[in-house]
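Labels A, B and C are assigned to the chains in the order they are written; within every chain, residues are numbered from 1.
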């Protein structure tokens, strides 16, 4: 009867999945990284190469920076690849992570409408922030505790101002970079984005993108990516040895070159800077 | 608008060119949803039967609780499960996080109230002569349960279809517990969420169409089963 | 003297605040056929359900095969079967319906017995065995339900208006089947019918029920 068939199907599935699970148990390391990193497509190049070079499978989940750090605290992952230096340093100091290793960097860009109502073009990052506040220009923020968001917050601080949390012109989407840029496009507002997403945004909008880069190259917009191993003193189950191997591999000359040559829509995206 | 059309074309390309990422996502979706719909039905149908069949004190408040659980957001279920399954949590040692069985457990929590509520309704609506007929023909309690459930099978099939629909289309639980890990726990829905987040709307539409096709195949099979069993 | 199958004493049944049954004393001997007549709502079906061990009375004593009602074990309970006035068929084929009771009792090879039972109620097995429950007329459904009970060779058979929806010829078949059950298996029958002439051809005694009270009919 149909019932017997269903029970057999369930049992088969359960066996199959548990069987597959134990097969996966063969050397693998679990990485938590950010959505913006994953969205560049870099992981899709690195992971298969890592497995080819070392025989270890690199599994990764792409989430917000805040969540990645949290998962490391909860011992759910073995290693982190994030870009929030201040938070990272505190993380290591608090004993949740170890062996913070710089891997590569790129930059952030402040973008806005072509007609640039508060004249940000060419300004330094501190001047630009001040102009946004005085001009009460519409600005769209990630507002989601991500690496990008933390960077943005640090800029307000650098300019000596409080984050304009309650201001009407400061819009917090609580979402990813593309969603945030879409809101900025709709409203013709300013925003801050990472280089990778900006490259994709410009490509998508073809010849005449509604938002263009206005402030770039300022050292304040530096975006450093680092690997952090989850501290085995805090998490007995973490695969510390494999995390170290990943760090060694990613900072090796060959792979650093690979990262440097990585292109997103024909534009170089990362500058390797392992020491 | 053009991403809808582009999505339609890409759906065909992904399917017929045998795109491996797509097929991996389909496989993961099928595994996880089969486990969870199956578990929801196996656990939920007898529970729903008890709720709809017997008149015991506390039946009505339990029914209210079950109906309320139909409104649980998937992200919340995902968060609750994560709290338990994380290595810091009580079930941490079971290693359920980032696995298909882990996702299936979360999805079962989603599907159970649906099956329980619909089964209870179906059983309440059974012909009142059924019980006496079965008793007079000599049925013991477990035979009463099984035969009554079989008599209500068409309504139960609806419960299964509703649970399947809710489970196969959810993102919150798969994302939180599965982690959208490529080749392992990336389902069609988490892939859609990811691609949409990247701005790849056409791919999102394409994957959505593939999901609908999958659902269509499942429902065709169900319809065939219904024919065989007498409807 | 035949053994007492049922012994009822001071039996009452109450629905809400209405007393629907008030029986001082009723004895039913094994292997007898008792007829029951009376107007609608007089309590006949209620008495049947109590005799079928499907309903508990509000007050009074019942013994079945010498044992008080509360302690009837499963194998004894399975010897009593009732056919109600508008019988319910399971949503499956005629064959499956008739063999259901046998399957409950762990008997798997049922084809022959089902065929014989169907023939007894005047349904050709070749034409009817594979029919779905949807494809039966009212009279055919009633006969299938009767066949499902006959096939069990029960010790006690309670029939509530078994000839209500059937034609004259089938009426005769059912009478024949009832007598056959008693003669061949020693089945005790209690039959409700409004057709007094039909009952007189088959019953050893007839009781009349009115307002829950029984009186013999001569």
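Methods note: a residue touches a chain if its C-beta (ideal position, glycine included) is under 8 Å from a C-beta of that chain, and two chains touch if they have at least 3 such contacts.
Quick caveat, the model's predicted, so the values are computed rather than measured.
For chain C, the chain whose average C-alpha position is most distant is A.
Centrality by C-alpha centroid: the chain sitting nearest the overall protein C-alpha mean is B. With centres defined as mean CA coordinates, chain C is found 77 Å away from chain A. The centroid of the Cα atoms in chain B and the matching centroid in chain C are 45 Å apart.
The distance from the centre of chain A to the centre of chain B, with each centre set as the mean of the Cα atoms, comes to 32 Å. Taken together, the chain A residues at the contact with chain B in this complex read 2, 6-7, 9-10, 13-14, 16-18, 20-21, 24, 30, 35, 38-39, 44, 47, 59-63, 71, 73-76, 176, 178-179, 200-201, 204, 235, 237. The touching residues of chain B, counted against chain C in their complex, run 127, 129-130, 132-133, 135-140, 143, 147, 151, 153, 230.
Within the complex formed with chain A, the chain B residues making contact are 31, 34-35, 38-39, 41-42, 86-89, 92, 97-101, 179-182, 184, 194, 197-199, 225, 228-229. Residue ranges on chain C touching chain B, taken from their complex, read 49, 52, 54, 74, 77-78, 80-82, 84, 86-88, 90-92, 100-101, 104-105, 132-133, 148-149, 152.
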